[in-house]
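Data first, discussion second: the structure below is written as structure tokens.
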Amino acid sequence: MTDAAGAIVDGVHVLPVRVYYEDTDAAGIVYYANYLRYAERARSEMLRHIGIESGRMMADIGLAFAVKRCVMDFLKPAKLDDLLTVETRLTEIGGASLSVDQRVRCDGADLVCMELKLACMSLGGRPARLPDDIRERLESFGT
Amino acid sequence: MTDAAGAIVDGVHVLPVRVYYEDTDAAGIVYYANYLRYAERARSEMLRHIGIESGRMMADIGLAFAVKRCVMDFLKPAKLDDLLTVETRLTEIGGASLSVDQRVRCDGADLVCMELKLACMSLGGRPARLPDDIRERLESFGT
Amino acid sequence: MTDAAGAIVDGVHVLPVRVYYEDTDAAGIVYYANYLRYAERARSEMLRHIGIESGRMMADIGLAFAVKRCVMDFLKPAKLDDLLTVETRLTEIGGASLSVDQRVRCDGADLVCMELKLACMSLGGRPARLPDDIRERLESFGT
Amino acid sequence: MTDAAGAIVDGVHVLPVRVYYEDTDAAGIVYYANYLRYAERARSEMLRHIGIESGRMMADIGLAFAVKRCVMDFLKPAKLDDLLTVETRLTEIGGASLSVDQRVRCDGADLVCMELKLACMSLGGRPARLPDDIRERLESFGT
């Protein structure tokens, strides 16, 4: 059984992702933008694991994490029906930002490697300091 | 030149839509859910033609059109690089609802035919009567 | 733990689906076309449960299931972070077609109900009879 | 009138892109992965302008351009109904690769800046030299 919410293994969040028709394109492989969808699912589940839900964070304290920068290396393509894993590592916790390393893997090989920088933002679009309890939860996950 | 906003021809709004990789799947054809994306683009442009913008309608008067029912017939598939047209006809204007006929065509043939029923909704999710000025604009388009 | 591949309960395939940012739109709810993505994920997992994989079916015997008709009723919207279930019932197995009933549910309520008619197609786009072993697997699932 | 295929202005391809509900998310802005969809639409239209169509290139000579690396900077968010432009500049033509600079703009401001490296690939997934006529067409566009 593969847990739809993923699991934490040695400080790394690991999310299983199955490739469906919706993810592929006419070249027979996963469309490049969809790796960012997978990455966001993985970050959401990683945050949920430590008690942070995007919807409640937005509704309760008016904050959201926004991606400010993203570097993607596409090494190998994924195909229909592949069972992928998305590994997510928190690499830095700043005053109002996070750095995250994510990689999409299949059968022991890296397919796509991503480095992201996220900012904590108010709903009005301004940078906001990470609230203390969110910072503590993130630190519990480890960098 | 093809106008990105489409045009009204004999009471029918006609929107050109090019098929890109993002729209296709591993079977080499347009993924079935994407015809609903095309249909929504066409309805948005049809409404914009008569002075109704979704974003402003939501912000200014707290209303949005929500699809309540949709019947889709898939006759022929579209392929990468195809230049499609989406035809939109308003078939009924009710007190708090609209009926719309939409078809996606290519080279003179129907690919997908859709009948939709839309409701005017408040942001809280309740049905709302069509405001008079919106009703008048819709009637000017003709059913 | 929620199984990412779903489970069969009393002849019904039940797939858990979490709502992420990618699924929502500016109205704060799941974008209407995305229910068709959820439905396809569910049909794929239902088929995988009885030993039929889309990618292998296409590569090995040159066949695919194509949606020919779809009736969707949108009853209630889903929101960010909701944990949905997609229920899939096979209602009819024809010579070259399938009928399927699918509903997306949350907290015991139906959100979207769908009736679909699928055709077995050759990659060239012609209708094809269901191969015997696929028919037997489908019948084992039950209608 | 805005041309759906864009135009070349001083060696830069400029494509208009309207933001629809499908592009936005529950934070009220364009979902981050969708800028890669816009970028691919723009590259496709830029190539079509110089006589290169992705579908025919794949069918006729078994080649496709695959993104190998992508650096994205997200400066400002786009919103529902915004009329964006995607600017595409060819910055380098290698033996089997291309470098491209793309930026998504609105009202004179940069929203997202992207640097991409694309490889010419055979359908089997191997790097392939750029055919002479494709190279000439690309050089006519200018770097």
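Every chain is named by a letter (A, B, C and D) in the order it is written, and numbering of its residues begins at 1.
Criterion: a residue touches a chain if its C-beta (ideal position, glycine included) is under 8 Å from a C-beta of that chain, and two chains touch if they have at least 3 such contacts.
Keep in mind it's a predicted model, so treat the numbers as computed, not measured.
Looking at A-B and B-C side by side, the one with more C-beta contacts is B-C.
Distance from chain B peaks, on a Cα-centroid basis, for A. Each chain gets a centre from the mean of its Cα atoms; for chain A and chain C, those two points are 26 Å apart.
A straight line joining the Cα centres of chain A and chain B is 33 Å long. If you average the Cα atoms of chain B and of chain C, the two centres end up 25 Å apart. The set of chain B residues that touch two or more partner chains comprises 21-22, 26-28, 33, 37, 40, 55, 58, 79-80. Across the complex, chain C is touched by residues 26-28, 32-34, 36-37, 40, 55, 58, 64, 66-74, 77, 123, 125 of chain B. Taken together, the chain B residues at the contact with chain A in this complex read 21-22, 24-29, 31, 33, 79-80.
By the touch criterion given at the top, residues 1-5, 16, 18, 20-22, 37, 40-41, 44-45, 48, 53-56, 58, 79-81 of chain D touch chain B in their complex.
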